[in-house]
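Below you'll find a set of structures to go through.
Two complexes are shown next, each including chain A; its partner changes from chain B in the first to chain C in the second.
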Partner chain A sequence: MSVIAPDFRLSSFIRSIFDNAFWALLLANLAGIPAIMMVLFYIEMPVIDGELLTPFLAFSWLADPSRTLPIVHAFMATDLFRVVAFPGFGFAALIAAATIFVERKMLAKLQLRVGPFYCGKIEGILQLMGDGLKLISKEIIIPAKADKPIFWVAPVIFVATAAAFVALIPVAPGWVVADVDLGLIAVFAVIGFFPIITILSAWSANSKFPFIGGIRALFQMVSFEIPLILSLLGVVILTGTLNLSEIAASQSSFPWIVFLPIGAIVFFTTMLAELERIPFDLPEAESEIVAGWLTEFSGMMYGLVQLGTYLKLYAFAALFVVLFLGGWHGPMVVPPFPEEILLDGIVMGPVTAKIPGLPLFTQEMINGTFWFVLKTVGVIFFILLPRGVFPRIRIDMLLNLGWSKLIGLAFVNIFIALGLLYAGVLGPGGMLPQ
Partner chain B sequence: MADPVFVALAVVTIGSAVAALELRSLVYGSIALMGALGGIAGLFLLLDATFVALFQLAVYVGSIAVLILFTVMLVKRELIFKKIEDKRRKFAGVALMLVTMVALGAIFIDSGIKDITTDEPPVDFREIGSDFVTYYWPALILMGLILAGSVTGALVLARREDIEENGQRTS
Partner chain C sequence: MTLNVGPQHPGSGHMRIIVQIDGDHIVACDPDPGYVHRGEEKMAEYRNYITNIPHLERPVIHDSCNILYPYVLGVEELLGIETPERAKYVRVIASELNRCIYTMYWLAIYGIFLGHSTMFMWPAGDRELLIDLMEKMTGARVTHAHFVPGGVRNDLPPNFEDVCLRQVNYFEKRIKEYADIFYDNPILISRTRDTGVLSRQDAIRLGTTGSVLRASGVDYDVRKKEPYDVYDELDVNTNVMKEGDSYARSRVPWLDMMESCNIIRSALEKMPSSGSVRVKLKPNPKGGHDTVYKRVESGRGSLGCYIVSDGKPEPYRVKMSVGSFRNLIALPYLLKGEKLGNMPAVYWSLNYWPVEADR
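What follows is the complex of A and B.
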C-alpha cells in the first residue's frame, strides 16, 4: 500500500510554513513595497477629503476605514477599473463562465441526462474550475508542420477581439468602456476580424479537418455579416444615431422589438450563425470533421478560444439587448439607499459607525445593471436552447437561408422602419414619445 | 518634429505594404496587406475621420483582405504564377516606384497644401450622407447601378452549365 507522503513529519511541515512566511515577508519588504511605491508615483492619484493622495499616504489611508471607501470610489472612476472589472472584461468573463456551466447543465436536463454532477457537492457546480485547472495543466501540443507564429498568436488575438467587442457594450447609464460615437460601425468593424482569425488559425494548423472547418466558418461568417448589418439599420433609421448608449437610452418608453420584430428575428438568426451555435455549427461539426477549426488546439490554447467564444456570445446577446430589448431600462426595483445611514451612520448598540462615501453605486446604476443582466441572461438562454432541440443543417441550406431569405427579410424590416418614420409615428417629431 | 504616432503609423503602413509585395509566402503577404490597410485606417483616425477609419477596417480589412486570403488558400499558386527571378526587373521596378513617388510628392508639396491651416471642425458624416441623397443623387444612383451590374455580371460569369441539376438541391 502506498502513501502519498511517506516521510511526512509535522515538525518539518510547520518549519517549512515558517520558512515560507519569513521569505515572503523579507521579499515583500525589500522588493515588493518599493516596487509598489515606484509604480504609484507614475499613476495620477485622486484627491480625497481635499487632500492629494500620495504614495506615502496611500498605505496608511487604505488601513483607515473612513478613507477606504473614498479611495475605492476614486479607483472605480478610473479607466483601468472599467476595462478590467465592471463593464469590461471581468464582468463579461464571469457571465461567460456561468454560461458554460448553465449550458452543459441545461442541455443535460433537456436530453434527460444528469450533466456535470460529481465536481463540487451541489450539482457539479465546481466542474468549470476543474476543467480550467485541467486545461492549464495540460501540455500545449503544436503540430509538427504547423505555421508556428500564426498558430500561437491566433487564440490570443481571438480573445482580444472578443474583448474589444465587449468593450463597446453599454451596461448601465454611463457605464461603458468605450463610448464611441459610431459604436455600431465599430461593432461591424470588430465582427469583421473574426473570420480572418478563424481562417488563419485553421490554415496554420496544416491539417485537413481544421482547414475544412475554417473554410466553412469563413463562408458562414462572411455571408451572414450582410443580413446582420442590414437587420440593424432599422434601429439606426428610427433613432438617428449610431451611438449604442444613445440607442439604449432612446428606448425608455418601449423597446424597438415592438416595432421591428422582423429585424430582431433576422438579427437573432444571423447571431446564431456568427456564433457557430447549433443549427449552424458546421465549422465545428463534431460528427463530421472532429472539432472543425479547433481540432489542433490543445491545453490552454483551446481554453483561450473557448473563453473568446463565450465572450463573443455574451457580447452578441448584450448587443441584442441594447438594440432591441431596451438595454438597461426597466421598472425601478432597487430600493433607495437608506438616508439615515448617510446622515447618522450605522448604530450598533453603543457604537455608531459613520462611513463616508457610502452609496458605492447609484440606485440607477444598480437597477440598470440588474435589468441588463436579466435580459442578457434571457437572450443567452434562447441562444443556448436550439442546441438541445435542432439538428445541424447542410451548408447549402445555410447559404441559401442567408443569401436569399434573411437579406430579403432585412430589407422588409428597413422598409417598415422607413414607413414608421415617414408616417410620423416614430423618430424625431413622431407621435409616440421616446 | 513630426507626431510620433503618425511616424509609427506611416512606418507600419509602408513597411507592411513592402512586405506584402516582397514576401514569398502568399498568406503572410496577405496578412501584411491587412497591416497596410489597418495602418491607413489609423491615419484616418489621426485625421479625425472616425467614420472613414471604421469603414476602412470593416470593408477593407474585414472583407477585401478576407477575400484575398480566401482566394490565396483556394488556388494553387503554381498554376497562376511562374517564378521569374530577375534582378534587373526588380531594380527597374524599385526605381520606377521611387520616381513616381518623388514626382507625386513634389506635386503635392508644390501645390501649397502644406500652407493650408483651418480651424473648422471636421465635417459630420450625417451632412455627407444628406448631401449624397439630395444634391448628388444621380451619382449615388449611378454607383448603385454599376455595383448591381457588376454583381449580376459576376453571377453570370460564375454560373456553371456543366453541372446537371439532379434534384439534390431541395433547399
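What follows is the complex of A and C.
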C-alpha cells in the first residue's frame, strides 16, 4: 500500500469530515462566540426600530444579514475598532507587511535577481508568513551577562512606541485613533522615545557590537531630530495649528510641498536617518559592527524589532503625506453609493432585500483612504529606493550633514514660510485659498 | 576597547583583525590570519609533479588558473618541456578570464562591505558570463585544473573563439556600467577618497604588490616587466593611479578587467587556429637536482612559485609567494588612526584573499 496516496476509504473520508466539523464547532463555541460577546458587551448598542438592543439580543440579530449592519456600524464607531483595525495597528501592520514584500521584490528586480519565489504560488507572496513562522519557532537566546528584564522588554516597548506613532496619523477625515490638538508635539515626543529604547537595549545586551551600534544610533537620532523638528515648523507657521487632522485639512487646494520644497527635502532626509535606512544605516552596518544594536536579538525578539521598524517606516511616510502631500485630499474617484439601493433595497428577482445601515463607509472616507494609501505607498517607494543605489555613509559625514547642512536648510525653509506669511500670500487671511 | 573582527564576523573573511579602538578611532590593528591554513606546500612534497596540480589551485578557487601558472611554468623548466604555441595562447586567455572572475568576486564583496547591495549582486551575476566560458573551455566552473606541464589539458571546444569574443565584449559593456552606480557614486567617492592613503614610498617599502602597488603610483606588472608565455607578443597596458587611497585601490582592478578584455581579444586574434595544445609526458616524470623560481601576475599581484627538485618524482620543496599575504602587511599601517567606519573600505581594498594568504 502506497504511503503517499493511500486508497480511498469512504469510512475514513466521512470520519475526517466529522472530525473537522467537531473541531470547528468546538473552537467556535470556546473562542469565537465569547470573543464576539466580549465585543458586543464593549460597544454602545444602537437604537433600532425604537428598541435599545442588549448584547444578547444583538447576538441573535447577527444571524440576520439585514439586521447585522447597524451593529457592525456601532462597532466601527468604537475606539476598539480604531485601535485594532482601521486607522490603527491592523491597517498599519498590513501596509508594513506589504512594504516588506515590495521591498524584497523591488530590490531583487533592481539587482537582476528574482527575490522571494517559492513560498506561495504567486511570486513568493507568502514568504513573509514563512519568515514569521521561522522566527516564532526559533529559540530565544539571551546573552549570559545581559541585563535580562530590560533586554526582554526593549523589543516590546519598541513595537509599542511605533504603534503609538501610528495612532497619531489621520488617514481620512475623522478617521484617526488619537485626535490630539498638539498632535505634532506628540509626534516629536514619540520620535524622541526611540533613541532611549535603542540605547537601553544596546546597553542591556552587555556586548561590544550592540553597544557601539546603540551609541551610533543615539548620535544619529539625536542629531537628526533637530532638523526634523525644524523642517516641520514651516508647515506649522503657515497653518497655525499643531493638530495633524487640521494640517491635512488645510491642504485642500494645494499641498505644502509646492511652497515648502526645501522643508520636504530636509524632512525626507532626516526621515531616512531616523529609520536607519541606507545610506544612513550605520547603527546596523554589518561589515563593521555585525548588526549593530540588533546583534544579540534572536527569534521573535528580532521579529518584533523588525515589525516595529516597518511600522515606524509606515508612520513616517504617512506623516510626510499628512504634512507635505495633502493627506487624504485628491480628486473624487470613488463613485457615490447607488441611491436606489438605499431607497428600494437590492432587487433579486422576486425578493427585494432592504438593508438598513448602508452605506457602511461614506464616499469621502473611501476616497480619502484611497488617496492617502496611494501617496503613502509612493513615499515608501522613495524611502526604499536608496537601498539599491547608495552605499552606507560614515558617522562623521552623517553628523556633518545633520548639524551643518540640514539645520541650515531647515532655517531657510522657516524663513521662506515666514516670508510667505508676512507677505500675505498664505496663512490666515492670505491671498491664496486654503 | 578591543574588538575581535572575525573570524565569525560579516566583515572579516576567514581571518581575524584585532582592533583597538578609542571612541571611533582605531588606535592599533593586528591582523591575525591562519584560520584556513591547509598545508598546501607540505602536501606538495608528497605528490608527484602532475598530481600536485588539483590541490595547488585550492587556495584561490576563483583564480585557479593563475595560481597554478607559476608552478606549471616552473615544472616545465625543470623537466625541460617546450610548450606548443597554441597552448600558450590558450593559457593566456584562461588566465585573463580567471583574473576577471576573481576580480568580479572581489568587487562584489567590496560592494557589500560598503553597504551597496546592488554592487554585490551585479558582479556576482555578470561573473557567470565568464564562468560559463571557463566551463566550456575546461569542463568545470571553478577549480579547473586546466594547466598541465607542457600545455593545457584539453583543446578549445569548437566555435569557442566566437562565443568568447561575444561574451567578453558584452562583459566589457556591462562592467563599464558599474561606473554609473558605483565608481561615480558621490557617497562612495566621499567614503573612500583619502582614506587609508598608502604613499608610493610606503607601498614599495612594505612590499605590496599588484593593484595596491599600481594604485600608489608604481607602474609594476609582471606581465609587462617579465613577460611569460606569450605576453611579450601581446600589448599589455597597466593602469596606474597616483592617489594611493582606497578609491584608487578599488578602481585599479576594475580598469584591469577592461585591460584583460583587450588582452583576450588580441590573444584570440593572434592565436594559431590549429595545432597541438599538449606535449605528451612520460608517466611520473623526474627532474634533475635543480631549483626554479617563476612568477606571474595574478588577480592579487605578483605570485611566485619556488620549486626545489632532488631528482625524485616528487618535488623536494614547493614554496608559493602570494600577493595576498604581501598586501596584508600594509593593513596595520593603513588602519592606524582611521575611523572604525573606514575599516571595511580599507581592509578589502587591499585585494586580499584570506585563503590564499594562509595556503
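Heads up, the rule we're going with is that the second predicted complex is superposed on the first by the 386 of 434 C-alpha atoms of A that agree within 3 Å, B and C clash if a C-alpha of one lies under 4 Å from a C-alpha of the other, contacts with A are read in each partner's own complex, and residues count from 1 in each chain.
The rule is short, and it goes like this: a contact is a pair of C-beta atoms (placed from the backbone, for glycine too) under 8 Å apart; a residue touches a chain by one contact, two chains touch by 3 or more.
Treat the numbers as computed from the prediction; the structure is a model and nothing was measured.
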Touched partner set for A:387, first chain B, second chain C, both or neither: second
Partner chain in contact with A:154 - chain B first, chain C second, else both or neither: neither
Which of chain B and chain C A:305 touches, first, second, both or neither: neither
Chain B versus chain C as contact partner of A:282, first or second or both or neither: second
First, second, both or neither for A:113, with chain B first and chain C second: second
First, second, both or neither for A:397, with chain B first and chain C second: both
Which of chain B and chain C A:238 touches, first, second, both or neither: neither
First, second, both or neither for A:321, with chain B first and chain C second: neither
First (chain B), second (chain C), both or neither touched by A:188: first
On chain A, the residue positions that both chain B and chain C contact, one per complex: 394, 396-397
Contacting residues of chain A [partner chain B, same complex]: 147, 150, 180-182, 185-186, 188-189, 191-193, 195-196, 199-200, 203, 211, 215, 218, 222, 225, 394, 396-397, 400-401
Residues of chain C touching chain A in the complex: 1, 3, 9-11, 24, 111-122, 125, 181, 185, 187-188, 190-191, 339-344
Chain A to chain C touching residues, read off their complex: 107, 110-113, 208-209, 212, 278-279, 281-282, 285-290, 387-397
Chain B - residues contacting chain A, complex: 27, 31, 34, 50-51, 54-55, 57-58, 61-63, 65-66, 69-70, 73, 125, 169, 171
